[in-house]
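You will see chain A twice below: alongside chain B first, and alongside chain C after that.
Up next, the complex of A and B:
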């Protein structure tokens, strides 16, 4: 036996076979960035996080304090004052302060929902892909059927039956968000199950649990991480859409979606009240998608696409 | 063709079953449904009478089976808030919503394919940069916020298009633009990436070598081979496209089914919600069938094997 062969049969060399098709990976189609300046893609996310997490230090204003004498003040560069850098809303509340707490709440909901959706989706997908056979067929049918129900429809149904509330919102986001994890993790798990190194591990006498822990999970982990970063962005858009429509959360809760809705009500007299919350949402989407691309480039894994 | 129809029917039946079971479960999870539409002060006798009339006093299993039967026969009963059969209330708005969703989808495909093909010939330079920037913006902006911006610019500032309603093609322009930008960006990126891959094949080199103009090579030889992922994208995201139309309706006060369903959700009008879910799932399956047929027209291999585009 040549030393070369020994290495190839060694079940602990888990990542070697994936090198082969790395050369032929399809070109990127989604949110691409130049890898020249490696950390540049993380700037939008950093900006979003600074506003979301350091809000109280950015402005001393109270996000809930109303002042009808100072309502609809423009931003500082459009004739406003420094006491309200981004202006005020229809009730005279400081927009920057509201943006900060709204972004923080949206981020919080997004993280919670993405984690839950990820858990459900990854478990179902990995189970289907690893078990194969009838288990796979049943789960795949379930996924196919679930894909025919628009997420917004799920939101309408749950609001109609269970009413509004944080828990209900998270349930809506979970039901709308798990599918993408399940589909992609299943495909990866299927490919892994048929790969040579898994076969080799089995033929060398490794047990199911060992293969799962030593070969499957390490190979699935980067994919799951990327899906998670993309998932936070997707869930945050979904949440903003739902709260904009008045579904899921009650009116008093401040998220980026509800800020856009409030802004739209005073759209004709104060463009800033609707513009900045939307920009924050866009910043979050770009930020987390860039993060996903950054992880992909860093870990040199195949591009993940749902097409 | 028979297999395709059979598959669509199976998915449709499964979707109606799943959605109806989910709604039934949720309705009974949330307690006595009569509290949703009768005042709290209603006397117990009246409440019982209403429960009996709606069949809410029968055993749960019987109610469930009747509920499923109603779902498949499209008999959802009377709307609790609108004094008309629930299915009529939903069907009144559905054509408008589908008009919006289909116009948006077709526009997105045409625009995305055109942009993807035209920019695929240029390796780098301003065109490439512009496309990347535009599609990045398109992917990052949520539809409802884009709608708000469009109203601000084109309805309030410039006054070119109305900000709401549905009178003539002018009131369709802004909703369709708001609906189109995201899928068009995605399709443009997909098409361009796949055109690049097809470009290096030998049959394209042959087509170029025999002197065909670039235009013909691109549209006749490359595009049919490069467009399938974009078609598959439309199939996979059919639910998202319908959902997007429902959201955009609210932004532009467009009289489709989405606004009616939102109203019904807040009034807990469960028959209307039930009808709405079943019919919107049916629309998604219908779009998927259209997508599969389109894929077959484009790709002869699919006609031969009859593999559905969303088989994965």
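Up next, the complex of A and C:
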């Protein structure tokens, strides 16, 4: 995401989270899932989560059980059988079961990496925006330098020196993912720093830590939530890219990226082996980005109601 | 060699036919009915593009260890002898190559051969090439140390004299000993090699491609045959699916190393699949210098644990069969049809593991050189895990994989294949003998048999020694013996009658074309 794409804080949102304000907020019942249409953007994510989390209930097949005599079986509607609804892979393993376990693992990695990247990026961005001066310049310079290093290069360097593994992959994803949080949160924090309630807090003798904890972060929460939703999608794509290139996890770890890599090897003879993992990645990206948009839309509705 | 070719009327052929028909209606029937004369058919094509499965990197013949590299080396150079399709040694640059005692080899060169720089090929080239092998940093330089001297009797007649009996020497010479001109230097071997072979050096773009040009003076009736094209482009395309796409879109005319599951893709796009039963052996090398693999019971358990035949049929080829030891088939010296392979018996494997003190199995790692081959490792590890052996698969870049053969820190198991195996001496000396450069196996009986076979001049007696060695290697396994590997090519329809070599080198010559 470029700076121009950053979610800009509406001045009407930059409010102190005072109890009085909460008391004056009108009832929100009319905003709670009042329309089915409001939920449509969440369908892709729901579908992804159903496959990822309810996989074992969708198929009894063991994702690791190979059957070489039934390798590359097509999906049920293309001549396959119901015992393997989405077909089998190059070693005769059930593709639906592997999609479920791969989606779950990719989601887990995406969540872990996005949380870590978010923590690092939000703290650095908020601190830079709040502190200003040399602290801001140093952190901003660090962000700028980090932006100049492609994530793939970081992945190659870490994999070549430390090897493959979950921890190393999360570190790679963290190093490539924190920057966007830091940049946007810093901009938001800069805007908040000028706001009246922050100045009022300072004038009443509040310290920077207090202002950060009680005024800045609560006001940044909606933005961080949106960024987090987008961040999960971005991290999942990055993870899939790294794993596809052999820079992520061991070959035995099943993720959506590794399934795409395996499927690509047989693309001309077994399209399903690569297509369905690719569709799952697409579902995740669309789903999490729609979720981010949905949260944003909710924020706007809140603002309208506040007005 | 048994080539299976799949021919069908393809979309490409239909399109070509349609185009031809349209051209016929425009240009006139006379031209079409004139056709292409037999003489024109014999003319080399302008260009053939070959997709290899990786870069070549090294062009020094002494330091070439891959079939990709040998494809280039044996296109540019000629060796004294070559492998025939049945694995026999046939004269190439040598008109005759004979020995009475496996100590002195009498060589008579063919007359009229010239290097690409115009200088004549003489017996001095033999001396130069052997000397280059001896002083090079080649991994097989030790093997060539057996050559004591080369006596140049005249320009076309020489004797290669060994210090001991070396009946295996011709099979080494066929691979590594190529004729070098007087002008060669270590630099020129890498930057602009000059040989006497059917193709001349063209250009090389690292990581991308190498171009060779036809040698117009290669007209002395070489058993290798004549060049098939004015220009051959070897492109480096590691991904098999990309190679298939190149063939389908006409960007490549021949694609190498195609997995079984890509056959349908080739056929579907109008290409022809050629399966060549090269003489290659696939195995999982077991390092016996670390526990628990120092116990033969464990190694036998591993062999019983894996359903090799099912994997071979499913992933390699329907013609592949489980091997009793390293020898692929009857064309390989030492192959013993009476020696039965290990039976797939997971219960027996568990019993052997328990007897060895591992009733609950153990953890280990299995190394494989390239991601496309990881599917074999995954299939094998799945069977090992079924008997309690937890296997971590390590995919290594091919350079580090090759450097790790003798590394005691490397994973104890490694999936590999070796080709050609016409004469097993090289493989056994390097990979199995306890002092072998690539070995992590030690058995004094095996060492004695390898030495005995190497110095045995009588072919039948050598064969018997290697057969005995095969039986010893079953009792004290050095590997999980897998299957006879095949190589699978995809070719465009006009090259469907192309006959690959038995040694898997892609040297684009045709013995049917003079």
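Assume the second predicted complex is superposed on the first by the 254 of 307 C-alpha atoms of A that agree within 3 Å, B and C clash if a C-alpha of one lies under 4 Å from a C-alpha of the other, contacts with A are read in each partner's own complex, and residues count from 1 in each chain.
Methods note: a residue touches a chain if its C-beta (ideal position, glycine included) is under 8 Å from a C-beta of that chain, and two chains touch if they have at least 3 such contacts.
This one's a predicted model, so the numbers in the text were calculated from it and none came from an experiment.
Engineer: On the A-aligned overlay, A:124 touches which partner chain: chain B = first, chain C = second, or both, or neither?
Structural biologist: Neither partner.
Engineer: Touching A:91, do we find chain B (first), chain C (second), both, or neither?
Structural biologist: A:91 contacts chain C only, not chain B.
Engineer: Of chain B and chain C, which one contacts the greater number of residues in chain A?
Structural biologist: Ranking chain B and chain C by residues of chain A touched puts B first.
Engineer: Applying the touch criterion given at the start, work out whether A:149 contacts chain B, chain C, both or neither, answering first, second, both or neither.
Structural biologist: Only chain B is touched by A:149; chain C is not.
Engineer: Once the structures are superposed on A, label A:162 by its partner contacts, choosing first (chain B), second (chain C), both or neither.
Structural biologist: first
Engineer: A:99 contacts which: chain B (first), chain C (second), both, neither?
Structural biologist: A:99 sits against neither chain B nor chain C.
Engineer: In the superposed arrangement, does A:267 touch chain B (first), chain C (second), both or neither?
Structural biologist: It touches chain B and chain C both.
Engineer: Looking at A:282 after the superposition, I want to know if it touches chain B, chain C, both of them or none. Which is it: first, second, both, neither?
Structural biologist: Only chain B; A:282 stays clear of chain C.
Engineer: Quick one: is A:250 in contact with chain B, with chain C, with both, or with neither? Answer first, second, both or neither.
Structural biologist: second
Engineer: Just to be sure I read the superposition right, which of the two partners does A:173 touch: chain B = first, chain C = second, or both, or neither?
Structural biologist: neither
Engineer: I'd like to check the shared interface: which positions of chain A are touched by both chain B and chain C across the two complexes?
Structural biologist: On chain A, the residues that contact chain B in one structure and chain C in the other are 246, 264, 267-268.
Engineer: So in the complex, which bits of chain A are touching chain C?
Structural biologist: 64, 66, 68-69, 71-72, 90-92, 246, 250-252, 261, 264-270
Engineer: Touching residues of chain C toward chain A in the complex: what are they?
Structural biologist: Answer in residue numbers: 239-241, 244-245, 248, 259, 261-266, 268-269, 310-311, 313-315, 371-372, 374-375, 377-379, 381-382, 392-395.
Engineer: Could you pull out which chain A residues touch chain B in their complex?
Structural biologist: Answer in residue numbers: 26-32, 141-142, 144-153, 156-163, 183, 187, 237, 240-241, 244-247, 260, 263-264, 267-268, 271, 274-275, 278, 281-282, 285-286, 289, 306-307.
Engineer: Contact residues on chain B for chain A in the complex?
Structural biologist: Within the complex, chain B contacts chain A at residues 11-12, 14-15, 18-19, 22-23, 26-27, 29-30, 132, 136-137, 139-145, 148-149, 151-152, 156, 186, 189-190, 192-193, 196-197, 229, 232-233, 236, 238-240, 242-243, 246-247, 250-251, 258, 261-262, 264-266, 268-270, 273, 276-277, 280-281, 284-285, 288, 310, 312.
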